[in-house]
Amino acid sequence: MLKGVSNAGLGDVGTIEEFIVNASKYGFESVDTSGNELVHWVEEIGLEEAQAFLRKYNIQIGAIGLSVEWRREEEEFKTGLSSFIREAEVASALGCRLCATYILPSTDYPPAAFMARAVRRFRTCAVILNEYDMKFGLEFVGPHHLRTTWKYPFIWTMSETIDLIEAIGKSNVGLLIDAYHCYTTGLDFAELNQLDVKKIVHVHINDAKSIPVSEVLDHDRLYPGEGVINLVKLLKQLQSIGYQGSITQEVLTQIPEDQESEQLWVKTSNAYDALFKQIEC
Amino acid sequence: MLKGVSNAGLGDVGTIEEFIVNASKYGFESVDTSGNELVHWVEEIGLEEAQAFLRKYNIQIGAIGLSVEWRREEEEFKTGLSSFIREAEVASALGCRLCATYILPSTDYPPAAFMARAVRRFRTCAVILNEYDMKFGLEFVGPHHLRTTWKYPFIWTMSETIDLIEAIGKSNVGLLIDAYHCYTTGLDFAELNQLDVKKIVHVHINDAKSIPVSEVLDHDRLYPGEGVINLVKLLKQLQSIGYQGSITQEVLTQIPEDQESEQLWVKTSNAYDALFKQIEC
Amino acid sequence: MLKGVSNAGLGDVGTIEEFIVNASKYGFESVDTSGNELVHWVEEIGLEEAQAFLRKYNIQIGAIGLSVEWRREEEEFKTGLSSFIREAEVASALGCRLCATYILPSTDYPPAAFMARAVRRFRTCAVILNEYDMKFGLEFVGPHHLRTTWKYPFIWTMSETIDLIEAIGKSNVGLLIDAYHCYTTGLDFAELNQLDVKKIVHVHINDAKSIPVSEVLDHDRLYPGEGVINLVKLLKQLQSIGYQGSITQEVLTQIPEDQESEQLWVKTSNAYDALFKQIEC
Amino acid sequence: MLKGVSNAGLGDVGTIEEFIVNASKYGFESVDTSGNELVHWVEEIGLEEAQAFLRKYNIQIGAIGLSVEWRREEEEFKTGLSSFIREAEVASALGCRLCATYILPSTDYPPAAFMARAVRRFRTCAVILNEYDMKFGLEFVGPHHLRTTWKYPFIWTMSETIDLIEAIGKSNVGLLIDAYHCYTTGLDFAELNQLDVKKIVHVHINDAKSIPVSEVLDHDRLYPGEGVINLVKLLKQLQSIGYQGSITQEVLTQIPEDQESEQLWVKTSNAYDALFKQIEC
């Protein structure tokens, strides 16, 4: 399992190069970013330079986010495909093997028909990503307040997300498991045991406040080790089923203004060291 | 376009052979039945005899219903697949090129996840049917009362059904257009004009009482020509876009006890003659 | 059925606008061109202007060719996808509903593995085209000399092409029927009768010299009516099964230097008039 | 990794129950058999009894063979589907999660079109197996003499088999890696390192005589440890990429008449003990 970071929880991570340098400096092995950022980077310094930069700092691109707008009208979806394909091409050339998106637990569209459209759109994305040797990760989202933020309930459990993955029916689609969303949907990490490890393509970690689960807010997350989620159990579970990908921090939260980026890197780095020591990885 | 009948609206049609004999006698060209009935028939008299019987009376099997239980638990779905495949095999050998099912407009399952499962299950059915050179027809169901019969709204419009067909993503899946469901979902037949005719795999006709559309009941249908649906416009529309399949009567209704089957055949036959004369087919 | 032209057989057709103006002037209803040309056109004059131009001359874009290199190495295929998607986007916005490619009857790659890669690549193209409401046409190529031009025989019959289409398994993929290739593969037009018309997405016409079929050369075609192919029978057959798309001239041939483009337009126009008169279209 | 046996190399293994009892007695954890044998067994003693029997002896069904005839005419393929689905249903209920078939390296059909049909047929099998939570394994076959046994070369390398798997495009299809076929196709086990472990669904072991590779015969295999294949390297390689499935003996060979089944079990058991000791599994 690789130690990974995203910019969520690290304040302003600077340019992609600064992000990579710091990730390396603080002991991480992969960074998540946007495809758009990678495209700009490669257009600026060239593909070979970018590849060399990653090699020099021994950092992998863990995942890029899905840039196509799949949650709204047909027209917007279609319009986004050509830049998406460019991002996949560049990310793949940089060694990135994953693109991911999250599924909000409610929607303003009648949910059954929206699901049908989502299946088709996701399949198109999966087929394109497959040409670039990339997997496609779908993340279920647990916080209860988001289930009523839009008009109709959609899906939020791991089991429903597996139903969606089966409906898409392509071999490169899998689950993005986020500790916060497991916690807020009441998923016992032991359930991962029954899962074919091949279904898990990425993992996010973070922590939750000690308040009733139904009151836990999506953008009020804690750093690993600060809260009530048993991350040691999660990581041991993933290890035992043979997961070999990234364990990437994603702390969506309001960062106090007096926190310097460096402090956040140190904090994150320490949290990872403490956590990984307990699983003897 | 072929004149077709189902048993809905004809009372007790008797054995499959009696059904075929009468369909022929009263001027029809195709009959819809169940796959199970065809399997029993072929087991009884043999495939070649059954084929010869259909040839003798110049009747095609227009469609069989989908026997697999796709609306409930996984276990039931799986259990039904082996007899379904046997039905497809026999129906196909008898020249039947279509299997169809209807989609109820509400469900007791959370609708988004149910849609995901339906997509996967329908795709499995479509892939199997394709091996037997059969298409798979999906019928949207319009009556308003059915939208609240079960816990959650599902889908009921043609456009949503096309979304579902696209999510399934197989080439042999298409629409079953039913006049009653067009009427109760407010579909203007002119909209069929914008449809790729290849998407239409079967057509049901029937008629509706002159009451507010929202009060029209699914099991209270009239015979073609008795009600307010402009069937001439529907058939002309289908003709103009090149539809060449069956126009099959399906009148779900409470038949008065004093109605003999023969009277119903005569009534249906007359209705078809009147209707088809107007479209000069 | 629409009267269509491609540039093959018309010498230098000039700019896309000149091509459209002449097509209109000489009685045609659709033109085939390249996606790349459409992209340049739209970049030059804008989408709305281009749409208006087509409307003004009452011309449709019948088909664009597939620009992605699917016949060689993986790397080339991937590299071409992003411009292909841009072409599909523009062509679709201009009302074009078809992209097509031809399948050479021999290949330098071991044929079984090459077929497997072709299936995957074509499916990716089909899935992308489907998002832009476009079909994908595959044209089998008959001339005997091409069967040994490259190292291994590949496929060249309609029936093998249908096998390929079934292997791709997407609903928007169909056959491009070319009179010359039917003739050189010994296909009796009557066989089209058994074909689901939905499988035919485009038609090319042209004619063949009165020499032994095995000696007919791919780039030595005649204009419709000049040779031995029974085009009237072909068109009547297509009409009878309900084909409603374009009948597009594609005459791959060495055009004598003294032939002016205008003469070629006149010749083509006369040939179409003579032909369509015989089928009373 | 589980120690597994098939009947190939064990002479007459007796009934399925005797096979299971001996597998358990000699230290194995899984047995491969035919779906047909499982169906008969369950029809005889009932599903629950059969499940209990497997539990009692702590044996899993590692894989069943694909019974559908996919290598010949369409009609045969279709005819076999209904018993295949019954076998999948029963095997799955007994906990079996894999069905596998082998791909002969030559064929009497023109290879490109045969590949197209194979892709479609395999996809149908994969879709059916997926409903029963089973994977579908494809085994490439290496011995050189088989490349000319039938009229045309087909495919025989791992890389071509991956092309085929990608053409099928379903998530439950993977590779069956057989030591003998790796050896006879010159595959360096180190190449497995670059493989996504998720692509490997089953492993066969056996050994090869010390003769030129091109003379190695398919039905003249040795027992693990008796020949020149570096099985320790293979197993270490599989272990390092996280393979967790069965390592199943498949020794296709002429067994001398004086060899008792018990001797063969002892020999196999000893060979496995020696082998697994070296990888400290």
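So that you can tell them apart, the chains are marked A, B, C and D in the order they are listed, and the count of residues begins at 1 in each.
Operating definition for what follows: a contact is a pair of C-beta atoms (placed from the backbone, for glycine too) under 8 Å apart; a residue touches a chain by one contact, two chains touch by 3 or more.
Since this is a predicted model, take the numbers as computed values, not measurements.
Enquirer: List every chain that touches both chain A and chain C.
Expert: Chains that touch both chain A and chain C, as defined above, are B, D.
Enquirer: Write down the chain pair with more C-beta contact pairs when A-B is set against A-D.
Expert: A-B is joined by more C-beta pairs in contact.
Enquirer: Can you check whether chain B and chain C touch via the same residue numbers (shared by over half) or via different ones?
Expert: Mostly the same residues form this interface, as more than half of the numbers used are common to both chains.
Enquirer: Please compute the C-alpha centroid of chain A, do the same for chain B, then give the distance between them in whole Å.
Expert: Averaging C-alpha atoms per chain gives centres 45 Å apart.
Enquirer: Quick one: report the Å distance separating chain A from chain D, using the average Cα coordinate of each chain.
Expert: Inter-chain centre distance comes to 37 Å.
Enquirer: Name the residues of chain C that each touch 2 or more other chains.
Expert: Expected reply: 123, 130, 166, 169.
Enquirer: Please output the residues of chain D touching chain A within their complex, sorted ascending.
Expert: 130, 166, 169-173, 197-198, 242, 244
Enquirer: Can you name the residues of chain C that touch chain A in the complex?
Expert: Those in contact with chain A are residues 77-79, 81-82, 85-86, 89, 123-124, 127-128, 130-132.
Enquirer: Which chain C residues qualify as touching chain D in the complex?
Expert: The touching residues are 110-117, 119-120, 123, 153-155, 160, 163-164, 166-167, 169.
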